[in-house]
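Written out below as structure tokens is the structure these notes cover.
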Amino acid sequence: MTTQTASAADVILSARGLSKRFAGFVAVNGVDLDVQRGSIHALIGPNGAGKTTCFNLLTKFLQPSAGTITLNGRDITRMPAADIARLGLVRSFQISAVFPKLSVLENVRIALQRRRGDSFDFWRSQTVLHQLDAEAMERIDEVGLSSFTNETAGELSYGRKRALEIATTLALEPEMLLLDEPMAGMAQEDVARISALIRKISANRTILMVEHNLSVVADLSDRITVLARGQVLSEGSYEVVSKDPRVIEAYIGAGHE
Amino acid sequence: QTEVKIGVLNDRSGVYADLSGEGSVIAARMAVEDFDAAGKGITVEIVSADHQNKPDVASNIARQWYDQDGVDLIVDVPTSSAAFAVNEITREKNKIFMNSGAGSADLTGAQCSPNTVHWTYDTWALAKGTGTAMVEQGNDKWFFITADYAFGHALERDTMAIVEGSGGEVVGTVRHPFPGTDFSSYLLQAQASGAQVIGLANAGGDTVNTIKQASEFGITQAGQALAGLLIFITDIHALGLETAQGLVLTESFYWDLNDETRAWSERFAAQNDGKKPTMVHAGVYASVLHYLKAVESTGAKETEALMAAMKSTPTSDPLFGDGMIREDGRKIHDMHLFRVKSPAESTGPWDYYTLVATTPAADAFRPIEDGGCAFIAE
Amino acid sequence: MTTQSETGYRSEAAALPVGTPRHHMVIFAVLFGLLLVAPSLLYPVFLMKVLCFALFASALNLLLGFGGLLSFGHAAFFGSASYVAAYAAKAWGFNPEFAILLGVLAAAVLGLGIGALAIRRQGIYFAMVTLAFAQMVFFFALQAPFTGGEDGIQAVPRGKLFGLIDLSSDLTLYFVVLAIVFGALLLIYRIIHSPFGQVLKAIRDNEPRSISLGYKVNRYKLAVFVMSAALAGLAGATKAIVFQLASLTDVYWTMSGEVVLMTLLGGMGTVFGPLIGAAIIVSMQNYFAGFGAWVTVLQGVIFVGSVLLFREGIVGVLAKWLKKPL
Amino acid sequence: MFELLGIPPQALFGQLLLGLINGSFYALLSLGLAVIFGLLNIINFSHGAQYMMGAFVAWMLLTYTGINYWWALLIVPLVVGATGVVIERLMISRLYHLDHLYGLLLTFGLALIIQGLFRNQYGVSGLPYSIPAELSGGTNLGFMFLPNYRAWVIVASVVVCFATWFAIEKTRLGAYLRAATENPTLVGAFGINVPRMITLTYGFGVALAALAGVLAAPIYSVNPNMGADLIIVVFAVVVIGGMGSILGAILTGFGLGVVEGLTRVFYPEGSAVVIFVIMAIVLLVKPAGLFGRTQ
Amino acid sequence: MSEPAMSEPMATVGAQADSLLAVRDLNGWYDESHVLHGINFDVYPGEVVTLLGRNGAGKTSTLRAIMGLLGKRKGSVRFDDRELIGLAPRHIAHAGIAFCPEERGIFSSLSVEENLMLPPQVRPGGLTREAVLDMFPNLRERLGGQGTKLSGGEQQMLAIARILRTGAKFLLLDEPTEGLAPVIVQQIGRTLGQLKSQGFTIVLVEQNFRFAASVADRHYVVEQGRVIDTIPNADLAANMNKLHAYLGV
């Protein structure tokens, strides 16, 4: 077991012996992972290391071949995906995921609606949804999309779609967020803004993210797990991990300053 | 001056389009001309529609015809389900329905109506004609291939009763989905049963395909006889004699029966792209003729009076000869058992049948007391 | 991941803004007014047929235009409800309102069964699966002892509404049907413009994302499927009482095709499209009935024409023109 | 002697063989459907009508020009396939950027038109087309009399199915086709003439349907409705097999033919629905179909 | 607007030297929406140039317009003295341009190998299968697998790898480093260098500015559908302020 100084009670999400086997190929192989409550935890590693697969396992978009997952001490290994989200563990996607035909406002409101639990009311007029507009606007503002509120999401540029996706996810006020490469395809200024945003929202929640942008990782994360070939290669703070020769060889590369 | 409006309601696009369809309109028109309605001060208008063999469409059209368009008489209506629908509406609206195309004997039985005449044939008569004759010739072991729906069941039931009543034996039945395409499996079962006669209690395309495949699998060559329980000359035309030869079937009319039928059929064919009439066409002609006679004799279109006149006057026409309409609405005439010719026997198109036997009118139809017609009992 | 086409038929629905546009209510009111006086000009039985199909098409539209699910087997619900209602009225002597209710219930239950299986597949698969199940229902209707086979259930009594109002007069029945159909249309309208409707749109747009937000997607799909089935059942049951007949036509797959045609022609995902589409197709069948197989050809031509030139449907085009959702 | 549920084994063999023959038609038709679907993402609802056209064109060739069955086997798929090419060029090609459902609706409309036209022209009683002299007669297999023609149908179907499968799954052309299904724009940007490829594919799928039609003409009567109901069964076959899968379509086609054949013996009333029941079960257990790729 | 002033100097440059690709007053639309408003730039043989710009600036759209993939376009794109406007994408490909799209475009119904071998050779002289696999060893292990089952980064590698085989010497790469591990990014940087030395000409759309700086000869800055500035890589240090204003770097 790796250095586990904090008390177990502070672990919000924990995986033990997590494995995923695809036909003739083991993508994730006995991964142990503990995410501390309130921390920003980064999952990095070379392409194909199994990071996205881990995400899919943790959020039950894939069923693990072996291992257990506990969230707040509760075993969620066999729970369906939608229920996991309802427990407060929400993910974003590596390839942008918005509702392309809905407006930006509606995108965010869908999340708010879920949180408020009135989404099955087919007998009520949707004018009740306007109550959510103010809060939705707030989220949209946070990611700098306020001038696009009524735009159709599908027509936004790639970077803005990512921003919208984050706004939507945040609207759920999840206890824990899983972000898969939130900075991918973002322009520099957005990177800074989203970084700040992630830091801000991390104040009262836990974040687990996959990211290749090392400066972001260095800047944001409290703890880093490095995966390679489906296994944990190294774990610790950025300083520790980035000096690990195995990590340098497998991931960071010698050319990186 | 009386004006009557006749609606020819039949199948103009489906399986029965050839045996009823436009031909029935032609037949109705010929009846009006031959009767010289105009000369007798009766203006006749003929309208027609396609019921697509669906009871709902039929009921719709009938309703609208009676309610809106002032139709007095509906004729033809093949397909029993559609006929029942028209039967109901006609009773409700107190008009007249003279059926030629439909087969179900229930039309003058369980579902009978004082407003309905059933002219040309019915399943009971077909079963009787074919069943009795076949058994009498010593073909007494039967196997039924039955379409698995109400009409098929009725056909099977009626024929089975006749076969067993004449001393025959039913060695098996198999029910196929309706409509079907491949019947080889059932034919093999029939073959294995050792029956002498395979009764085809299905209709339209199903029958045609069964016959076709029976020939392919050498069923008839191997000595079993096929008996079509509801099959028309148009079906034989479609099958071709090579395939259909040897099949036995019952009809009430064949164009080549006598000089009168030949003459009429000649005229009919001239208007119908050279295609000879079916018994359904003949029935439409004869029933319209009889109706017009009643209109002439009563001088009005009052339903009760017309029905009474039609039932009390014996029928007489060149196609079915002399006959009568029974109290329950059943038209009574001879039925004929035919055998389909081989290609060698046939002299040309439409020369298809050899007459095997004739059931006299008195025996041809189900006795009135067996039908269970409600309004008679009253 | 399947390739997502860029512009689908869904754009119309998505363009609907939140809230109930006032002009919709105006149109509903005008429509209602017109229908109140219509029987003095047109044959009431014909009008009732139009109304029933308008409801049927709207029910399908709820699923197709707003749920994004093309059911090619909706005749199963329409037809089975019509059988159940007819049977209840004829064999058990139910009052029409109970007969209809029982029909709706039957359609809903059937919808639950078929829906639970069908929503396991998406897109065209869904269409084919519903089609296949509908075919099963058809065979059942053909062979079951109580459906009367190809004769159907005929001579169904119209009976007395609530045991009081005699429905044998076409005109009385017409107003009852008008009330039923209009009530149902308003209900559909409300469903579309409800929070639930909003979630449906989202699911149709991006299903995995909806799941990741915690929506139990299949429940929503099933819910809208059952609603649509029940409403289609309402149309079928009402039709059975009007025409005093339930027949195989109502469960055959061509019926499923026809109702899709109505919706497409009128405008999928528009509120009023299905009504217009139903009115046109029913009139066409009525007035061109004499043309035999040409009616089928004509329907085919309309189908092809709508798909190629007229995808938004009549009302969709109109809405584009007026720049207002209709 | 050993009997299975009261059926002697010989009879059972016979029935199995008959099932296989029907399966040949299912396989050919669902293969055409799967090719068109797999590569164009279009459910070709007019497949049944095109199958019917195949039979009709064969009949016309024989009746009007005296061209015999063997030439028809060659000419009919070309002719009907060519109509497919025209349809694709004029209509279907406009729908690729839209939701796939539009393809279904369009071809549904086309099916209505084609069937309606043939009905108007030829009625629905069916027209005779006789078995070619070379294949008439049959062979007594001991347990049954197997018409030579039906044996030929099995052979022809197996050969065509295998050749098609090979071309699509194992050749470079097949790879182009599959890629173009997913992202035609990108494949075009690689320098491949995608529109022409897709047009020919549709034509090929239609030609398969027409070929099945020619094969069917001597067995079932040539009838405008012959494809209408069959197509729904074929849809079910394809769903069971797994839509994208060529091999799935073929194997399921043959397999279900056999299953249906057995039902005809043991429970004939259920033979119309057995395929749909199997479909329901498969959907429950394996939503993507027996051979379908989970996506 | 400063637009005419901006396009002037480049136009003159383009007129003298024989540029391989000359884009003049390129306008482009998605349905109704006008996204490119007169793009002007040149690419000379053997160069690596980048298009830089904020999200939504029109970089991707520019590449798509060159490739003929945009719904509607106007203006002029001359490549190798052929006008490309009006040509279908497949003809543009045969003219010798290869395109690697933003969202990778890996085909899920094809195996990795089939994906790799998919683009036909448009010219002689492309890299061999072996050379490509040596460049991206990850792919070699997964050749038989389904294309879209690769990880995001592996898919990116595959997308680049497959166009190297075609023999096209002019590459349009849309954010090739997106989602790649730093090691791989470095490797791609080296690969681009190699390709350049083999005579490839490359237009690169990049968000990763540091990477862009390490490989490119020249940078074009795109904003709101126009090229608003050109910065030779050599002058980069001097222009950091400007760049900062443009991109927020």
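Letters A, B, C, D and E name the chains as they come in the text, with residue numbers starting at 1 for each one.
FYI, a contact is a pair of C-beta atoms (placed from the backbone, for glycine too) under 8 Å apart; a residue touches a chain by one contact, two chains touch by 3 or more.
Source: prediction; values computed, not measured.
Trainee: If you average the CA coordinates per chain, which chain's centre is most distant from that of subunit C?
Mentor: E
Trainee: Look at the interfaces B-C and A-C and say which one is made up of more C-beta pairs in contact.
Mentor: A-C
Trainee: In whole angstrom, how far does the Cα centroid of subunit D sit from the Cα centroid of subunit E?
Mentor: Each chain reduced to its C-alpha mean, subunit D and subunit E end up 45 Å apart.
Trainee: From the C-alpha centre of subunit A to that of subunit B, how far is it in Å?
Mentor: Each chain reduced to its C-alpha mean, subunit A and subunit B end up 75 Å apart.
Trainee: Which residues does subunit E have that touch at least 2 chains other than itself?
Mentor: 108
Trainee: Provide the list of subunit C residues touching at least two other chains, using ranges where the numbers run on.
Mentor: 1, 10, 139, 143, 292-293, 295-296
Trainee: If a residue has to touch 2 or more other chains to count, which residues of subunit B qualify?
Mentor: Correct list: 13, 17, 148, 177.
Trainee: Which part of subunit E faces subunit A closely enough to touch in the complex?
Mentor: On the subunit E side, the touching residues are 30, 33, 53-57, 60, 102-103, 138, 142, 145, 149-154, 156-157, 175, 178-187, 207, 209, 247-249.
Trainee: Going by the contact rule at the top, pick out the subunit B residues touching subunit C in the complex.
Mentor: Result: residues 12-13, 17, 48-50, 54-57, 59-61, 63-64, 67-68, 79-81, 84-85, 88, 148-151, 153, 177-178 of subunit B touch subunit C.
Trainee: Would you mind writing out the residues of subunit A in touch with subunit E in their complex?
Mentor: On the subunit A side, the touching residues are 22, 25, 44-52, 94-95, 155-160, 181, 184-190, 192, 212, 214, 250-256.
Trainee: Going by the contact rule at the top, pick out the subunit A residues touching subunit C in the complex.
Mentor: Of all residues in subunit A, those touching subunit C are 59, 61, 80-83, 85-86, 90-93, 97-102, 106-107, 109-111, 113-114, 118-130, 152, 168-169, 172.
Trainee: Can you tell me which positions in subunit C touch subunit B when the two form their complex?
Mentor: 43, 45-46, 49, 139, 142-143, 148-152, 154-155, 243-245, 247-250, 286, 289-293, 295-296
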